[in-house]
């Protein structure tokens, strides 16, 4: 059976929604929201189908598709000096991220019910964003990756700038410029790679680089890797490139933050693993200690700063920085445990932060605040929401039985093998995570209610869908991590092979 | 004729060109500025004619070029003066340094 | 030259020029005999028809051999055809804008002139693309410039328009004098004005003194033509002129005139200095030796254009700086001198044509509505006219160079060129960094359009706040958006046409 | 039966899930779900325990997580210790479930309470049957959450909130020790399995330093969970939770998990004298430290809490002195009598609605059931001969003495004296004398509450007879059966130790009687004699204040320092770059002064510069 149509359909299916929305009257709020939600479903269905395909024991390479797209020719008649191929494919790692994206996107579409104005524009941009994200994770060559990467920027800019909170424009600009610079660096790296090897295909590049006779000096490779680290460091974000992300997390509307924190930040991690580690394994090893130090700094820096924030969104924003530190720690370990931990953390944090930000949206919708001190004691009026909030926090602080633990555990397991002292310093982060999350969550839910929250409605109706689905997935991964680890084995083997392990 | 070396003509042209450039960049009166530009173009013409006679490979083309240049210069001057007239109607000045309504 | 000889010339290769010329003559006569109060718009439509006809004839010539007439002063090669298409396309769109332009401030008395002056400037640009001789190049250049001076000042009663024309004349005059001075030395060293002959002569150059002189003349020509491109530091006239000129003229200057500028730069630099030996036959040509100078100019242009654009509050001024910046990107392609240079310049100019024309169409509509050209006038455009807003959004995204638009492909193409041969890391980095800087001001306009509320006064106007889009504007917008998006997604439509029909590299030097 | 032991934790989990989903509808009928399911666990546990008497250890596992070539497993194991723990935990849990039906009656979050109890019981049972460190850690954390949730059950009380937070974070500090230790030992032995670890340690595959390091790190985990000094402060605060919870979690089961962990990893500890000594020292110190604080507390539950801390110290001392059996034995008896004491205290609180012992008094007559049961518990913990506590405490003292720690032995002896004193102080103040507070409607608790107490009371009396010097050390022999590394089932010690212990405890009781029963010695005798000391004890040695001052302030200060960096340095650099670009723009637009001649001049200068550079670099004059 020819399955090469699947990925194209998967990636571009949200466009259908955009087209339908374009012809809808903009006053029909309910219908628009419903269509926006429906438009995310085909991608979700296909993503799950692809996962089922994998579970059935079939090859993921069935989905690979490649076409010529753009050729820049030099002298006439010559072979093109530069070609951009339309190449999509799936590996286990990519499959997981695609499923994650599709799930979070659908749930974020539900969370978009809180959008108060101009739903039509919102959903059109939202769906465009989804196209970009799905494309990023399925692209098989760097240029295509870059194109999809850039495609995510514009909708996100508008979604933040138009539908965000008070300082939305500043946040949107911050986002645009930082990420623009990141992608600029990325483009330069891509071009140099192309200039040196004549290809941008990721697998090919991986092979070429593994060949000792590759036309790149070690120093150049190191330089390229450092550039990649900067490019994806903006996205991840790595200290000190993080300040844009705080603004975005605080100012963007809930459903966008779900996407942003849940998926967009993960592009950075994905890039580091797939390109940084995949293409430059030897240089990555050189930098491993540095990356580990950066990871520990991220972990602790985020944790300590989260401890003194008064806005819960800020707590979560710094918490994201902290958790991305774990990704770095895992990667720096350069062994199976660490890398697998990093990948787990990518998925796990995607789910957890989506859950927490959704709940923030729920609370903000009802109380018009996300300040911890204004929210004390909401467990009285909204016990279910408070319960899920606590569950989310527990997942985030790495409670066993939930996804956060498995990833944190493996990342540290990996690093302890290589750099035990650094890892030991990093474990302070585990304590601090508990401290800041409990401070924040208990500050909001426990204690005396500062104001009457009794009148507020608890979670209801469709609001349960994102919360329950996300919690269920978090627990599923925590209890039965093989759902993630088995598709990853092939990817890991490839990476480890590159690392010479 | 041959007693005057080609380099003298070229030097004259260069000096003329520089005078023109200096005038174009420093004079306040726009008419003078336009005339200075003419000077620069005429310097070119001297060059062309000199080369046409004493160049590496003397040819008539240089003189033809000079004729074209003169015609164009005339047109340019005419247009310049016409524009200056309409400007003068509105602003009542021909001073070039007062034409700074648009800046920054 | 006998009459037979005259007849035997292959005049047909000048068909497009003749069409335009004839129509100019017809329009002049018609304008003369038309009653004073009759609407001159018809002249504009005739002009558009003429341009389209010329375009068709240019298309028809694609794929043929290199031909030249009149002692090789006029040549028709693939390069000429390719860029003539751009120039004609740009001219047509400008005329569409012009027909929709509200004639005020004295323009109402000269609408007829408005159209045929545009056409004659266009004719100059066309001649430039096809010229094989310094004389024709110069004539073409001036034929483009002189009508442009008049056009800039055609709103006789508006001081800004006068001032803009005056500044243009003076700067244009100086620059063409400098360029011409440089050319005179080239002539002096070779005794010929024919480009190919010059090239042949210069490739044999042995004398270091002469090469030195040639180097100086290279710089002079570069500077003189740099004015046309508005490359830094010869860009400073552009913002003032762009701001003061009527919007269609600004569009013309920023697109057609710039395209013509690049045509002439490539033509001269490549043929003359591309083969001029620095140290005897077979040595490195001057052009390659001068690459660093070009690179500095390109980098300065990109930086100045993008950075100063950040500070602008007038949309036309901002677009002036933006067009300076784009000239910088194009200069990167010129600097790198790779085999895909022609294609990348051509494609970028094509993309630039679409996005800039479209943007100026929107600017024209908005500024006519509000009576000023402040960026703040765009506030709330999304509310007042969503389609116009989205159109402008797409065009701005293309200008900023995001994927999915022609602007991105154009930039990518240039960028690839920067790495294809000898990599130019610094230049490429400057290019991409300044591109990021450009996000600020392009998205600043978008902020006004999409995020800011419409000014209170215009909200109260009700019906009056609606935009009525003239037919010409609609055409331009549709073409611009379709072009920007289509060539952003399927650039090979254009690129393959070039490759399959036009063998620029082969033709250029033969 | 043992192959089905995995079902034991699942019953309470089921209870948790059921109550979470439909608890609201069930209201107080939720209790039946919880009680029935824990009863099932109890029955299974008893069956497993009996089967384990005759059958060998049962262990099974499957792959849980694959990391490359590493296969991390999950499964369960039934060995002697596990079987015993299963029984203790499910028994106390069942009793507390039953008791709570009465105690929590009328609470609006009744189903939630039972759900949490179910979660905790699940985690605790899961913990005790884990065959490897990783799984232990997983459940270890889960019991922490159960504890956290139940401490914070009265979430609207600020104190409960603070206590819950404190409990979680302080135990987490310990957990990190365990976490590190676990990972370090994993990389040494390539396994989390207890059996593999022991084998590697025995085979000498792990260096001595590493053994000591990991053992101590793991012990830090135990310190956190078992409230040992210096991580003990959360445990007294945890008394903010409902009293049945205190009985279940903070007396009988979870806090004993630390002891259990050390016991389960005993061979590892035994391989390092340093580690053992650390355990013993910390244990002994904690025992006397907490006991001394207990002397002056006035909150009935806090007295019991410090007593718990102290008793846990005892157990640690035992283990640290190589008295494996003694430690586990005391764990068991302590579970019985301390749970009894807490439940009885709960019954008292239920009756008088206060926890302050100064407001109680004279309850002996009013609480006909509770009083005697409380007395049984008090006697047992004081080590009065014949009751369970006597036997186990004696074992510990012997172990400490034989282990060659005379100082620690002495500390333990003093702690025993303190224990007897403060427990009877408590007893006398609560049950004898005149009623001091306003006590209306004081009545005995319902039978639902007294019956569990009765069961525990019986066990508190007879529980010790499974391992006595007189009737044979059945428990000890069984525990160490088949594993010589654990030491002997019974350690012979000099007879004077038993006598000394008895004398000491009786002395304590006598002194308490003198002051609080007979009142022949003034109550402020002690506080008067050592005023400063009394204040220090009352303030728990200012440990909390110390932590507040040093740790909390340091963390906060450091955070603000980082914020400073974040705001000024990180943002500052960004602003600097942006400012530079803006400045360039400003300069550029300033140059654009509208003067056309300036434009020309700039261009000319540009040309001149190019030409000069060209001239200077020599052009082509070769």
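The letters A, B, C and D name the chains in turn, as written, and every chain counts its residues from 1.
Simple rule for what comes next: a contact is a pair of C-beta atoms (placed from the backbone, for glycine too) under 8 Å apart; a residue touches a chain by one contact, two chains touch by 3 or more.
According to UniProt, the chain labels map to these proteins: A = NADH-quinone oxidoreductase subunit M; B = NADH-quinone oxidoreductase subunit K; D = NADH-quinone oxidoreductase subunit L.
Please read these numbers as outputs of a predicted model, since none were measured by experiment.
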Pair sharing more residue contacts (C-beta pairs) when B-C is set against C-D: B-C
Per-chain CA centroid nearest to the all-protein CA mean: A
Chain whose average C-alpha position is farthest from chain C's own: D
Distance between chain centroids, defined by C-alpha means - chain B, chain C (Å): 26
Length of the line joining the C-alpha centres of chain C and chain D, rounded to whole Å: 78
For chain A paired with chain D, centre-to-centre distance based on mean C-alpha positions, whole Å: 37
Chain A and chain C, separation of their C-alpha mean positions in angstrom: 43
Residue numbers of chain B (touch at least two other chains): 21, 24-25, 33, 96, 99, 101-104
Residue numbers of chain C (touch at least two other chains): 166-167, 170, 174, 178, 239-240, 311
Sites on chain A at which at least two other chains make contact: none
Inter-chain touch pairs (all): A-C, A-D, B-C, B-D, C-D
Complex contacts: residues of chain C adjacent to chain A: 338-340, 343-344, 397, 402-404, 408-409, 412-413, 415-416, 418-420, 423, 425, 428-429, 432-433, 435-436, 439-440, 443, 446-447, 450-451, 491-492, 495-496, 499, 503-506
Residues on chain D engaged by chain C in the complex (per definition of touch): 581-582, 584-586, 588-589, 591-592, 594, 596-600, 602-603, 605-607, 610-611, 613-614, 619-622
In the complex, chain C residues that touch chain D: 166-167, 170-171, 174-175, 178, 208-209, 211-212, 214-216, 219-220, 222-223, 226-227, 232-234, 236-237, 239-240, 278-279, 293, 303-304, 307-312, 437
Interface residues, chain A side, partner chain D - complex: 239-240, 242-243, 301, 304-305, 307-308, 335-337, 340, 377, 379-380, 394, 399-401, 405-406, 409-410, 412-413, 416-417, 420, 423-424, 427-428, 430-432, 434-435, 438-439, 442, 445-449, 481-482, 485-486, 489, 492, 496
Chain C contact footprint on chain A (complex, rising order): 69-76, 78, 81-82, 84, 143, 146-148, 150-151, 153-154, 157-158, 161-162, 168-169, 173, 176-177, 180-181, 184, 187-188, 191-192, 194-195
